[in-house]
């Protein structure tokens, strides 16, 4: 799960990485108390999980407390992409001398953490990385040995730092790695890492993403509604299902991510519009009924397409769930189902018994669903 | 013969006394798999479908000479089970569990590399050498999906593999080995590693690669073909052609993958290396039929 | 450095390893306050660094507070070997059901930590280890991976534990390893590890030894006089020298431990009695003068023998220190010196100039020293 | 030729700009050592006795192809220096520092094993192939101590090695290589490992082993001889014959060493393997004279 900037900065602050003084406000009224404790000018930073908020004008530097309150009022509740803005971080601005970039993430090819640093930070790091890749210094980390002092020393020297700034940045990189490990992070990114005119180093932003599969080790984080783009996505998550809204009219329920993606591709290739991604494969095989309940809530649904290949989730077990849910919900949209896998004969019988069209190939089922959606 | 797994491979089932472990041990035995031991701490001395259960992998290895493990172990305990297996000298292991923490996987992969061992998975439906042995839950008994034949299959996907495999059989062919490397972002073994094994396998005349959007494994496979490390006919099917680009790794992720990862990028890479890329699962069968086996 | 039992137990207690309730007393008067807060009977345990105190009667179980005070009075200030007893630990006795043994130390051959456990603890573990070595279960630890859960699980099963006792012992082993690493320990040993009649597990003793070379990372420990058998040993330690008293009449000062041991061997082979071991080689080459000052304080010294081979410590630098010290102290005992190594011609000239006999072979110098000691 | 080090070995000096590093670089160059690089972070671009200084070992390796390092680095920083060297691909390294924390050494030794690299030391006076090259502070210029000849020397000691070596020269012989494995309880490389290298070296006709009380390395060397892993004549001198038994490891230490460790135990082991054990340093020369070189 992604953390908000303010959450990431709190982790940084507690770990000793310097972050600017700041206050989080969740309503314009909360701005009043800040005007007593903070000096203006103030940086206003809308708290959203998606990137590129700066280009969208959601970071502003303002002097006047009246104006600050007004902007906070405008932002809170507004949408940024599919996200709703719930809070704004007010911070003392930094006196920026130089911007650096620092990140730790996972390099899947080597199966190791990778640390990245660049002497030129700020918004255009991705462009810089294709235009001038040598400007970004990287170090792979052996997971058992950790990020070693010599690696930090060499990186910091290679991005042109020396003296006390080098010392501060070294300490920050070491701390970032410790946090990366202790929080099961997929990403810890500071962009920009700011050197101010006194030579102090500050994390001006914080991108922190924790591995969902490791959240059981980090009970302090819980994925609330704000972590999802869509009500159904959140509802599916609570049921242990993976759902993404896609905006079309063919509801899709499949076993396994690969088969789901293939079904979506086939719908598109056959001219249809998938409404969603919904995978109930793997360990969630008892969830066929839940998946059906979620999918049938999609607005504007014309047809529901189930594509299954029951393995670990046996075909007949899936069929039982489907039959149960259909008898309970009595959906009005037509349902098409591709039935294969362990126990498939029995599964097909059960499904057909409640009047659902079955197929034994995915594309056949897809074509029929597209046909019905267009009807 | 196929790769990795044969009817002679001596297999231990970690977590054999659990519900799934017991259920699938039966099927794996029916597939011909030589399961010589099971391991569940504290359950030493029991038998599951006739297979003796040991309290530790070290003991199982000592008593039975097993060198391959299939793990029916929950994700939170997978790392410990894999470490125990590696420490005991197991050289091939299949992690079926989904939702294994990625940091755990980094540790497992690093340890496996140190031990010169191979991890398949996590988040895989397993692997099989058709007609000989199976680890995991590949439905080898569906004869419209799996039959012995000259095609190797390497896949990141579970049920999609069956879909694609059924088209191999419809084309009148069959499979040597079907190797599931799993759907996680950091698999223990990568597509190109498996291609190298199929290259050396005499029985395998061509390979079907089942890939998907995300990561750079298909691009690496294309690179291997270009460098001459894999010379047999290669047919790919890639899921996620219309999937929105994955953004979760932020700038750092984009810097690492350097513009790779989409089905388009993978298709271009594979085609420019001389591989054929099917637009639909059924096309895999059609392309194979055009080739002469 | 070795820690006292009470220090080791404090570390255990803070880390969550259960230890019996206890109070440390440094005088009989301090027993008075214990008699209010503690119930009798009480275990009295003299705090000494050497082993086998149990066999020497320095562990006693007593009921009567008058007797307890009397015994504490007898023990405090008394010698055990060359050690002085400074304190006594009073503890509530355990209701012992079974005794185990657990230790973590370093296996030099493999260069790794090694964990040992045995289902039969108590005093005779060393004898058990030669009589019945299979009773002691060992696990080597990869230093980068640490002691792994499966290793602990297998060890605990192999010494015949199960259920909640197995769980408690597993937790203790894990904690012992963490302490072993975080304290740079050479040894963490619990003998016996007691299972009481309620199935609770207790560290009834604590042996903890920290690597002297790593003490710079553990500033909380300082080697005081009580850590040494002898005043001169302590004085030498404070000067960065390694000194051991041996009781003879030939004072020995050498460069390097190997050459020192060889010199001692040669003195014995030639019928002499070395007074001490004193190595000032390696990085301490400026310490020739200090070494001389220490050695000249040895009581009953008949002759002083210096055997040097100057390398890192150049022969002429050593000679300078020796000349300086001799001119300052003007010792009355005869001095013999074997002079070799870098700058040896100049060194020999300097030494002979102040009337000291020089040799260019060790045995020649040794023979002359033995001769003078017997005169 | 000798072992480990020759006049062709490309050497980097870590800590070259320090007082001792600079001083001994001069002597090592005079010994013929091919020092191609020095490393001191932050001192890139300087020269020490003509040797270019780099800011990192990785850069030194890239620019000069060095693969052997000698370290003039304080004990608290030794681990980092060794890790940097191993990471950069250095395959042989000499740690001169005394007082290196033993836990650091465990890490270094484990890492070196992973990298298939060799650490000599810590707490060694260095190593030399007489007449070709020297790393550390072996006084090769004292010609009554060191002369080219057919005897290999492996030693745990510093100045005692010179004492013993001088008797090799008095016997009319000389040395191939003198290898100091250092006096610490956990040396990076053990006596038996060095014997294996001397076994393969054509120039070395016999080996002098300088050992001491404590540890089990001499017993391991005897075991190697018994198993046929070392077949050349072996003469040992062992210091500490009258040293009191080391008790610092408590029961645990006694369990590990199992009664080994005294000079008596070592002498018995070596003699029963057919080696000769000298009672005094001078006897080493006498024994060698009895043999025919």
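When the chains are written out, they are named A, B, C and D in that same order, and each has its own residue count from 1.
Just so it is clear, contacts are C-beta pairs under 8 Å (C-beta built on N, C-alpha and C of every residue); 3 or more make two chains touch, one makes a residue touch a chain.
Just so it is clear, the model here is predicted, and its values are computed rather than measured.
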Chain whose Cα centroid lies at the greatest distance from that of chain D: A
Pair with more cross-chain C-beta pairs in contact, given C-D and A-D: C-D
Centre distance in Å when chain A and chain D are each reduced to the mean of their C-alpha atoms: 55
Rounded Å distance between chain A and chain B, as computed from the means of their C-alpha atoms: 27
Touching two or more other chains - residue numbers and ranges from chain D: 111
Set of chain A residues in contact with two or more other chains: 142, 144-145
Touch-based graph of the chains, sorted into line, ring, star, complete or other: other
Each pair of chains that touches, named by its two labels: A-B, A-C, A-D, B-C, C-D
Of chain C, residues touching chain D in the complex: 2, 50-51, 101, 103-109, 111-114, 116, 125-126, 129-130, 133, 136, 142-144, 181, 184, 186-187, 189, 191, 207, 209, 211, 213-214, 216-217, 254-259, 261-262, 264-266, 268-269, 281-283, 308-312, 340-342, 344, 361-363
For the chain B and chain C complex, residues of the former touching the latter: 41-42, 55-58, 80-81, 83-84, 87, 111
Contacting residues of chain B [partner chain A, same complex]: 20, 75-76, 96, 98-107, 109-111, 113, 123, 125, 137-139, 142, 145, 155-163, 166, 183, 185-186, 188, 190, 210, 212-213, 215-216, 220, 237, 239-243, 247-256, 258-259, 279-282
Chain C residues within the chain B interface of the complex: 145, 148-151, 153-154, 157, 162
For the chain C and chain A complex, residues of the former touching the latter: 142, 144-145
